[in-house]
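Several structures are given next for inspection.
Heads up, the next two complexes both have chain A, just with different partners, chain B and then chain C.
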Partner chain A sequence: MHRRRHRLLGKDAAAGWLFTLPVIVILGLFLVVPVLMALWVSLSDWTGRGSPFSSQVGFVGLRNYSAILSEPGLAQRDFGLALRNNLYYVLAVVPLQTVVALLLAVAVNQRALRGKGFFRTAFYFPSVTSAVAITVLWLFLFNDNGVVNKAISFIGLNGPNWFQDPRGVVHVLLSWFGVDSPPAALTQRGPLGVTPWEWLAGPSVAMSALVLMAVFTTSGTFMLLFLAALQALDPEVEEAAMMDGAGAVQRFLRVTLPQLRPTLFTVLTLGLIGTWQVFDQIYTGTQGGPSKTTLTPAYLSYTSAFESQRWGQGAAISFILFAIIVIFTVLQRLALVERDPASRSRRRRAAAATHAAPAEGSVR
Partner chain B sequence: MSTAVSTPAPAAGRRHRVPAGRGVAPVLWILLFLVAAIYIFPFLVQVVTSFKTEPDAASNPLSLVPETWTGAAYQRLFANSDFPTWIRNSFVVTLIVTLGRVFLNSLAGYALARLDFRGRGAVFALLIAVMAVPGVVLLIPKFLVVNTLGIYDSFAGMTVPLLADAAGIFIMKNFFESIPRSVEEQARIDGAGTFRTFWSIVLPMATPALMTIIILSFQGSWNELNHFIVSTQSPELTTLTKGVAQLASGQLSQGSQYPLKLAAATLMTLPVAVVFLIFQRRIMNTSLGAVKG
Partner chain C sequence: MIPTPRITRRALTAGAVPILGLTLAACGGSGFEDADSDSGGTGSGGSDAGSGSGGALSVLIGSSGDAETKAVKDAVAAWSQQSGTAAEVIVASDLNQQLSQGFASGKPADVFYLSTDALAGFAGNGSIEAYGDDLANKADFFPKLVEAFTLDGTFYAAPKDFSTLALIINSDLWSAAGLTDADIPTDWDGLHAAATKLTQGDVVGLSMGAEYQRLGAFMAQAGGELVTDGRATADSPQNIEALTFVKSMMADGSLKFAKDLGAGWGGEAFGKGLAAMVIEGNWITGALSNDFPDVKYRVVELPAGPGGKGTLQFSNAWGLAAGSTNKDQARSLIEHLTSPEQQMAFAKAFGVMPSVQSTAEDWSAEYPDLAPFMAGAGYAKNPPAQAGTSDVIADLNSQLETLGSSDPKTILNSVQTNLQAALGG
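Then we have the complex of A and B:
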C-alpha cells in the first residue's frame, strides 16, 4: 500500500511539473524576467539602442527616480501633473461606478421586476466592447457640436468643447462666483513642480468626459458582482427587519448594505487597481491633452520610453505606479477591515459566496 | 440626454400592454427604462452615424435617421485602407491565443487540482503573485523581453506572452475540483496514463468551463491593445484595436471623418457583440476577470 502510493506520487510529480511547465515558463519569461529587466533599466542610462545589458550602458542608481520625484524640471512636472490627473480620475470614478453599480444591481434584483434580462443586458453590454471602440464613440458624442452638447442645448445651456477644454472643474465652479485668478499664495511652486492652484483645480473638463466613459463601461461589470452577492443573501434577515417595521431605505442601509461589505471591498479594490491604470483611452483619445490635463502615469511611462527614448525614467514611472497601486489597495483593505472586527467570520462566509459565484457560473 | 427618452419608443409601446411590473412601482420601472435608454442610445448613435454622410453626421449628430443612407464609410474602409489587414490580424491573434489558452490553462488547472507534486503550493503562489501585477506596469518590461528574445514585430511576439493567463487557470482548477475523483480512479485502474486520463476522460467533462475560457480569451485578446503597441511596429501586423486607435487619434488621416471612424468602431464591436448575445448568461456569470480602467 505504502509503496503503491509512493509510486503514484512519483508519477504525479513528473506529470504535475510537465503539465504546469508551459505556464510557468511563459509567466516566468514574460512577467518575472521582464520585471527584473525593467528594474535594471530603471537604474540605468539605457537609451533604447542595443541591449540594455551591454557594457556601454551605465548604472546610475536612483537618478531616474530622483529626476521624476525631486529634481525641478520638465520630467518632474509632467509626473506631478500625471499624478494629479489620475488622482482626480480615481477619486471621481471609483465612488461613482460603485454607487451606480450598486443602485443598478438593487433595481434589477427586484423580484417583481419585469424584463430583468433586458435590463441586465443593456447595463452590461458596454463592458464587453473594447476601450478603443468606446473611446472613438465618446470622441464623437462629446465633440463641440456633438450629441451631448446638442442635448444640453435643449435645456438652454451651452456645453463645453469637452475634449479641448483644459480647465479644471473646480476652477470652472469658482469662475461662476467671479474667482478667475488664484491668490498669490497658491501660485508658488508646490509638490512635484505643480502649483497648489493646479493641484486644487479638479479634473479637467476633458478628464470629466473620460470619467463618465469609465462609469459607463464598468458599472455593468460591478453590477453583476453586486447582483451575485444580493442573490446569495438570506431573505429571512430582510423579512425580519420588515416585520420590525423598517422602511425600504432603512432596510437597505441597515440590513442589506452591511451584508454586502465583502463585495463592496472587491469592487472598490478592483476599481482602484483599474483606475490607476487608465491607458487605452488616453492612447486612443486625448493623448494627454489638452494642456496635459489627461496625461496619466501609465501613458507618461509609455511616452517617456517609446517616444522620448528616456527608458530609465519610463521604467521608473511604472515602478512608482506599481507602488501606488499596492499602497492604495493595502490602505483600502485596512480601512475596511478595521471598522468591525466582530463580523470577520460572517464576512469570510459571505466572501466565499461572492467568490464562488463566478466559478459556479462556469460549472453550470 | 433628454432625447434618449424617445429612442426606445417602439419597445415602450409594446411593453405597455403588459402591466408595468407587478409589485414594482411604475416610477421605478420608468426610471430604470430611462437609464437603460442612456446605456443603449450611444450604440444606436454609433451604428446610425456610420451610415450617414459626413456633413449630415456633423450637423445632425442626434438624429437617428440619416438624411440619406450611405455605405460610403464601409466602402472606404474595405477598399481604400488597411482595414482588411487589421481584421485578419485580429482574427489570427485571437485564434492562436484562444486555442493556446484553452490547452495550457486546462493542463495547468488539472495539475493544480488533481496531481500531488512537490512544489504545487509554490506554483500556486506564483500564479497568485503574478495575478497581482497590474498589466499597464508591464508595458516597458514586455517590450524589453520580447525584443531581447528576438520576437519583436512578429506573430510570436504578439501571441506567446498572452498564452498563459492566471484567471483562466483558476477557473479550470475550480472546475476540475468539482468533478468526483472516482471518475479518474476507474480510468487509472484500467491502466490509462495521466495525460490520457486528463485528455480523454476529464477534459470532455469540462466543456462548460472550456466554453467560459474560450469566451473570455476571445473577448480579452480581441480587445487587447497595449501589448500590441509594445510588441509590434510594422503596418502588416497592426490589429484592429491598434489600427482604429491610430485612426481615431488622427495619426492616419486629416479631419473628423466621424462616419468612417464609427464604422470602424462598429465593425470591431460586432464579433464581441455577437458572441455576447449568444452566450449572454455564461458571460454575465463570469465577468470577474474583465474589468476596464
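Then we have the complex of A and C:
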C-alpha cells in the first residue's frame, strides 16, 4: 500500500516533469544559458569575433571588472559618470512615478468621477506607445524653440536648451546663490575617478527632461496596478474608519495606503528595475550627451561592447548593474517588510469582519 | 492579494531579461558551435543564399539616403551581371552594431562600409581582412587616405570616398553685412573680423558642432595634432592656442556652437539662417539642396592659422570580412566599386569626393563651386584612428561642449592623459 502510493507519486512526478519540460527548456535556453555565457564573457578576453567558447578565448579573472572599478582611466571614469547619472535618475523617477501613479489611481477610482473610462485610457495611453516615438516627441517638445520653452516664456522666464544643457540641477541652484565654481576640496579625485563636485551635480538639465518623460510614460502602467488593488479593497473597512470619525486624508494614509503595501512593493520594485536599466531613451534620444550627463550603465555596456569592441567590459558592466538592482531591491524589501509576520492573516480577518471590530489590523 | 515573496522572484527574473538581451544579441546565431573562422570558412555553408560560384556576396552599407542606396545597388548589380556572382546590398540601420553581430556569429557581411573609428577595433580582433597592400590601384589612392586606413604598417581597406572641412558662407548675409570678396578670411584674424561683422540680431557669425571633428581643424591650422607619429601630443602649445582662439570667439559672441542655436548640426544652423558661416564637410551640399534649397552659399577653403593651412578629412573604406567565404569575388567587387568611373558615378549620385587621385581634376572641373573641398585634400589631417582613441575623442567632445566655461589647457591635459593610456605611452 505504502509502496504503491510512492510509485504512483513517482509516475505523477514524471508526468509533471514532462509537462514542465517545454518551459524548462525554453527558460534554460533563452535565460540560464545566456546568463552563464555572459558571465563567462565578463571573465574572458573575448574580442567579439566567433564563439566566446573557442579555444583562443582566455580566462582573465576579474580583470574586466577591475578595469571598470579600480583602475584609474577613461573606462572607470565613464562608469562612474554613468552610475552617477543613473542614480539621480532612479532617485528622481521612482518616487515621482509612484506618487503620481497612486494619485491618478485614486482619482480614477472616485465613484463620483464622470468619464472614468476616458481618463483611465488617457492616463494609460503613454504606456502603450513605443518609447522611441515618445522620445522623438520629447526631443521636439524640449527643443530650444519647442513648446515647453514657449510655455515657459509666457510666464516671462527663459527655458534652458533642455537636451543640450549638461549643467547639473544642483550646480544650477548653487549658481543662483553665487556659487559658480567648486571649493578646492571638492575637486579632488573622488570614487571611480569622478570628483565629489561632479558626484554632487545632481541630474543634468537634459537628464531632468528624461526624468519627466519616464514619469509621463510609466505612471499609467503603475496606475493600473494601484487601481486593481484599490478596487479589490473591501469598502467596509473604509466605512468602518469613517464611522470611527477618520477624515479623508487620515483614511487614505492610515487605512487605504497600508492595505496597498504589496502593490506598493511591486510598483517600487518594477520601478527600480526599469529605471536602472534605462536604455531606449538614451539610444534614440541623447546617446549619452550632452557631456556624458545622460550616459547610463546600460548604454555604456552597449557602447563598450558594440562600438569599442570591449565585450568583456560590456558584460562586466551589465553584471555590476544586475548586482546593483538586486541590492536595491533587497534594501527596498527590508524597508517595506511587515514587521509582524502574523499581521497579514490578522488583517485579512479584520477586513472580513464587520465594522464592529474595525481597525485593529488594518489601521496600523 | 498576491503574496509578496513570489513577486520578488518574478521581478528579479524580469530584471535579468533585458541585461541578457545584450548577450543574446551578441552571440547571434552561432550559439555553441565553434564558429571561429581563421581558416576562412565557417563550415556552415557561408552566407544565406548560396548561389553562383563560391556563394553570393552580401554588402552591408550605412546609407545617407535613397540616392546613395540606389547608386550602390546599381553599381553592385552591374558588377554581378558582369561577374556572374550574385550580390545583395543590405542597408544597415546601425552599421557598427550589425557588423559586430555578424563577426560574433561567424557569418559576417562579406563587404561593408568601414569607418576609421571602427577600424582599430575590428582589426584588433581579426575580423577584417587586410587586403589594401594587394590592390592593383593602391598607388592611385590619396596617400593621406591610405594612411587613414593603415595600422601598424598594414594597409587594411580601400578608401571608398572622402570629405574635407571647408568654410561655407551664406552669400546673402555676407553681402548684407557689407562684406566683399576681399573680406574672405585667409587667416584667423580675418575669420574673427568677418564673423564679428556678420553677427547681427539673431544671426551669429560662425557656427559648427561642438566636437573635435570640427574644432580639430583649428588645431591643424595652429600646427597641432592629437596624435603625432603614434605619440600623444594633445597638450601641445599649438592645440592650446587653437582652443583658446575658438574660446575667444565664443566669448565675444561671434561664434556659437550649433546646439546653442537650437540646431542639431552646423548644416541646420546654416540652412535656417541662424549662422552666416559654418565649418562643415561636403555632405552639407546635399543636405542644403534637400532641406534648404533657397539658401545661397559659397564654399571657400578654411583660413590658415599660425601653422599654415589645415583641415580635417573623413573617410570610409570598403571593408572585407576575414570570415568571408568568397574573398576573391569580394575583392573583385571592391576593385570595381573603387574604379575611377564608378567613383565619379558615386560622386554624382550623392556628393562625395573620389578617393583616387586620377579623378581629382575631373571632379574639380565638374564641381567648380566645391573645388575648395578637394583643395583641402592637399593639407588635410586624419583624426587619430588607433585602438582606444575613439573613446578618448568621445570624451574630448563631451568636454568641448562646455568649452565656453572651461579652460582649454585643463581639457587638453585630460585628453593627453587618456591618449597616453590608449596608445600605451
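Assume the second predicted complex is superposed on the first by the 312 of 364 C-alpha atoms of A that agree within 3 Å, B and C clash if a C-alpha of one lies under 4 Å from a C-alpha of the other, contacts with A are read in each partner's own complex, and residues count from 1 in each chain.
The rule is simple: contacts are C-beta pairs under 8 Å (C-beta built on N, C-alpha and C of every residue); 3 or more make two chains touch, one makes a residue touch a chain.
Because the structure is a prediction, the values reported are computed rather than measured.
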**OP:** State whether A:A232 touches chain B only (first), chain C only (second), both chains, or neither.
**Re:** second
Original post:
Does chain B (first) or chain C (second) touch A:T195, or do both, or does neither?
Top reply: neither
Original post:
After lining up the shared chain so the two structures overlap, which partner does A:S291 touch, if you call chain B first and chain C second: first, second, both or neither?
Top reply: second
**OP:** Once the structures are superposed on A, label A:Q56 by its partner contacts, choosing first (chain B), second (chain C), both or neither.
**Re:** second
Original post:
Looking at the overlay, what does A:F118 touch: chain B (first), chain C (second), both, or neither?
Top reply: first
Original post:
Which of the two partners, first being chain B and second being chain C, lies in contact with A:S66: first, second, both, or neither?
Top reply: neither
Subject >> More chain A residues in contact [chain B versus chain C] >> reply: B
**OP:** With the two complexes superposed on chain A, say which partner A:R333 touches: chain B (first), chain C (second), both, or neither.
**Re:** second
Original post:
Does the superposition put A:P166 against chain B (first), chain C (second), both, or neither?
Top reply: second
Subject >> Set of chain A residues, in rising order, touched by both chain B and chain C >> reply: 30-31, 34-35, 37-38, 41, 51-52, 143, 145, 270, 273, 277, 279, 298, 301-302, 305-306, 311, 314-315, 318-319, 321-322, 325
**OP:** Within their complex, state which residues of chain A touch chain C.
**Re:** 30-31, 34-35, 37-38, 41, 47-56, 73-75, 77-78, 143-145, 161, 164, 166, 229, 232, 262, 265-266, 269-270, 273, 277, 279, 288-292, 298, 301-302, 305-309, 311, 314-315, 318-319, 321-322, 325-326, 329, 333
Original post:
For the complex, which residues does chain C have touching chain A?
Top reply: 1-4, 7-8, 11-20, 22-24, 26-27, 30, 32-37, 96-97, 100-101, 103-104, 106, 117-118, 121-122, 124-127, 259-262, 323, 388, 390-392, 395, 398-399, 401-402, 418, 421-422
Original post:
Inside the complex, what are the residues of chain A that reach chain B?
Top reply: 9, 11-17, 19-20, 22-24, 26-27, 29-35, 37-38, 41, 51-52, 104, 107-108, 110-115, 117-133, 135-137, 139-141, 143, 145-148, 150-151, 154-155, 214, 216-218, 220-222, 224-225, 270-271, 273-281, 283-285, 287, 298, 301-302, 305-306, 311, 314-315, 318-319, 321-322, 325, 357-364
Original post:
chain A touches which residues of chain B in the complex?
Top reply: 1-4, 15, 18, 20-24, 28-29, 31-32, 35-36, 39-40, 42-43, 45-46, 49, 57-59, 61-62, 104-105, 107-108, 110-112, 115-120, 123, 126-127, 130, 133-146, 148-149, 160-161, 163-164, 166, 169, 171, 174-175, 178, 194-195, 198, 208-209, 211-212, 219, 222-223, 225-226, 229-230, 240-241, 244-245, 247-249, 256, 258, 261-262, 264-266, 268-269, 272-273, 276-277, 280, 282-288, 290-293
